[in-house]
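Down below is the structure, laid out as structure tokens.
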Amino acid sequence: MKLAVQVNEGPYQHEASDSAYHFTKAALEKGHEVFRVFFYHDGVLNGTRLTTPPQDDRNIVNRWVELAEKYDLDLVLCVAAAQRRGIVDEGEAERNGKDATNIAPKFRISGLGQLIEAAIQCDRLVVFGD
Amino acid sequence: MSDVKKFMYLNRRAPYGTIYAWESLEVVLIGAAFDQEVSLMFVDDGVFQLVKGSDTSELDMKNFTPTYRTLGDYGVRHMYVDKASLEARGLTQDDLVEVAWEDWETEEEVDNIVEIVDSEQIAKLLAESDVVFSF
Amino acid sequence: MADLYTVNKSPFEKNSLEDAIRFSTEGAAILLIEDGVYGAMAGTAVSDLVANTTGRKFYALRPDLKARGIAEDRLIDGVELVDYAGFVDLVAECDKVQAWL
Amino acid sequence: MADLYTVNKSPFEKNSLEDAIRFSTEGAAILLIEDGVYGAMAGTAVSDLVANTTGRKFYALRPDLKARGIAEDRLIDGVELVDYAGFVDLVAECDKVQAWL
Amino acid sequence: MSDVKKFMYLNRRAPYGTIYAWESLEVVLIGAAFDQEVSLMFVDDGVFQLVKGSDTSELDMKNFTPTYRTLGDYGVRHMYVDKASLEARGLTQDDLVEVAWEDWETEEEVDNIVEIVDSEQIAKLLAESDVVFSF
Amino acid sequence: MKLAVQVNEGPYQHEASDSAYHFTKAALEKGHEVFRVFFYHDGVLNGTRLTTPPQDDRNIVNRWVELAEKYDLDLVLCVAAAQRRGIVDEGEAERNGKDATNIAPKFRISGLGQLIEAAIQCDRLVVFGD
């Protein structure tokens, strides 16, 4: 089965980000294809490499990165949502005159069309949000 | 499965207090390029999104209420409003924006695609959709 | 004046307004802001929360009402409108502020 | 199988569970996750939502129940527990997923 | 105004679904260094924060429920629980953690400072506080 | 009157950040003292300089910065909340081995004690949140 996952909330603040991760991991372990994980609204905050969570807690960003490395997952941050919330890759930094980037490895910034495309291509869209 | 999917956007939140209403509208606008069969559903405080007369000048926020009126041009064919939610909020169709629709090929026109529906119809419409986007 | 209670949630979505009223004391001021301003509308399923509560003074933030397209003639009698300057005055006049989120 | 409805809100805080039931069709599966799992508790003011609904199958996510200290003997009869693998199976078996947030 | 203020932490959300419960607990822990008169109030889904038996291992989340038990050592003198909220959730005091308190100077001890109170008491306690923190 | 303001939500996602700004501005214009604005939870996201909001919308971060410049406001981001959410200044970058910073000018990162202190020192604490 071909799945698309949408994540609408940022890490730590809301459990939606955890649920999306655990669900995605379980789907991959069962052999399903996860076509894309699309991060929207505050969900784009899952894709910053600048977090330093407490030692005794999970590292949500790194978890996504490791999952993407293992399964070659496509992790897409919505560009409009990322601009509002200050998530920047090199292209965005150049276009918007920013002096730093903060995107984590394995994440990429792209348009909302990627969500629509995923919904069209996949057998199921599973939304995690507030 | 056919090439065209039935997309349903499910809106249950008030506008302006949070960004969900506006950012979900952005998905609808972008989605127009993909030629799917698009409907919007407004339930609970989501019905407040369609209330006309919004003036955000004192909040210095972008006013996106007028954008709903243009959705017919973005390929949205149906906008459904939950009757029970509307009534609980003391609202009637007169309080809501009107959204016209025209098929450029067949010249078919509809004055207002905003339609009030009951629970049973909503359950059926949701069930018949291929994809439900929740915000 | 007693305490100022701020309520920023739609009364259709969460019980914050109900709580603010339930836990307020005589003479309290209750200010509706953000989605909380829906609680000031007359003729809704929850209008009685405000309309039937005595011994409390209700305010609503005008900029938030306007953003939501709620005309002043749709409001419950006795609800007073304030702008942000009026919000500040209420804070200054009260004993302290309780935020009911 | 019909649609899968996920509910992640406490039924004491928001009407998402009520909505998911109201707008579901015969044969639907309703999965309670995150704070939604409180809807699976027996003996509460909202237990009837689940207990009195027929023609729907209710599930609750075990990891979320355990995190909240809800023992299995506190659950409404007939609610089936799943872990994330079971969640994935429900998604695979249903026609589509509706998230009631 | 005296040097010591009465602080009231107002908790109305369930734990784990959002971070508010844990991050508000962090404020209480840090606040212990400031020698104020500290009370906590649990209303609505906030009462779920005190439910014992939490096991977050399958979620891989930090389990902060045991931290409540230690609050007596952090200078918290009172933890109030709304009776109506507790009853609506089918809970009793037996379901909640116990929090012991000891005054090192006077050797006064209290086995459990978690106390169930009614609406009138809550209104009074909130009104008598100098500062209310809402999360 | 001496005021402390607490902001619990991030910009754009929730109106709380707007309300806090408009309230703070109105209080300053009326001649009140705003001792400190303390950003907690997702509120710390108000303090990133990497946002690029749409041209036709308000710039929430810059608004705070300008208000702070005009009135010498103390804008404090909670360090624990900032670490979880990836808001970093130079000191934090050094301590946690991060290769970039994203904090906006006029904001500073400090401990929760700053909130407690503000609550003790001020006549009123006004909380804006979700």
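List of remarks:
Every chain is named by a letter (A, B, C, D, E and F) in the order it is written, and numbering of its residues begins at 1.
The definition used in the following text is that contacts are C-beta pairs under 8 Å (C-beta built on N, C-alpha and C of every residue); 3 or more make two chains touch, one makes a residue touch a chain.
Just so we're clear, the structure is a prediction, and the values are computed from it rather than from any experiment.
Common partners of subunit A and subunit E, by the touch rule above, are D, F. Shared contacts of subunit B and subunit E, meaning chains that touch the two of them, come down to A, C, D, F. Comparing the centres of all chains, each the average of its CA atoms, the largest separation from subunit E belongs to B. Among the pairs A-D and B-D, the greater number of C-beta contacts is found at A-D. Among the remaining chains, C is positioned farthest from subunit A, on the basis of C-alpha centroids. The distance from the centre of subunit C to the centre of subunit D, with each centre set as the mean of the Cα atoms, comes to 34 Å. Subunit F has its Cα centroid 27 Å from the Cα centroid of subunit E. Inter-chain centre distance (subunit A to subunit C, centres taken as mean C-alpha positions): 38 Å.
In subunit E, the positions touching at least two other chains are 16-19, 44, 59, 61, 131-132, 134-135. The set of subunit A residues that touch two or more partner chains comprises 8, 12-13, 15, 22, 41, 54, 80, 84, 125, 127, 129. Within subunit D, contacts with two or more other chains are made by residues 8, 13, 15, 34-35, 63-64, 83, 96-97, 99, 101. Chains that are in contact with each other form these pairs: A-B, A-D, A-E, A-F, B-C, B-D, B-F, C-D, C-E, C-F, D-E, E-F. Here subunit A touches subunit D in the complex through residues 1, 3, 8, 15-16, 19, 22-23, 25-27, 29-30, 32, 124-130, going by the rule given at the top.
Across the complex, subunit D meets subunit E through its residues 8, 10, 12-13, 34-35, 38, 41-47, 62-64, 66-71, 74, 83. Here subunit F touches subunit B in the complex through residues 12-15, 18, 22, 54, 56-58, going by the rule given at the top.
Taken in their complex, subunit E has these residues touching subunit D: 13-18, 44-45, 48, 51-59, 61, 63, 65, 87-90, 95. Across the interface of their complex, subunit C is touched by residues 10, 12, 43-44, 119, 122-124, 126-127, 129-132, 134-135 of subunit E.
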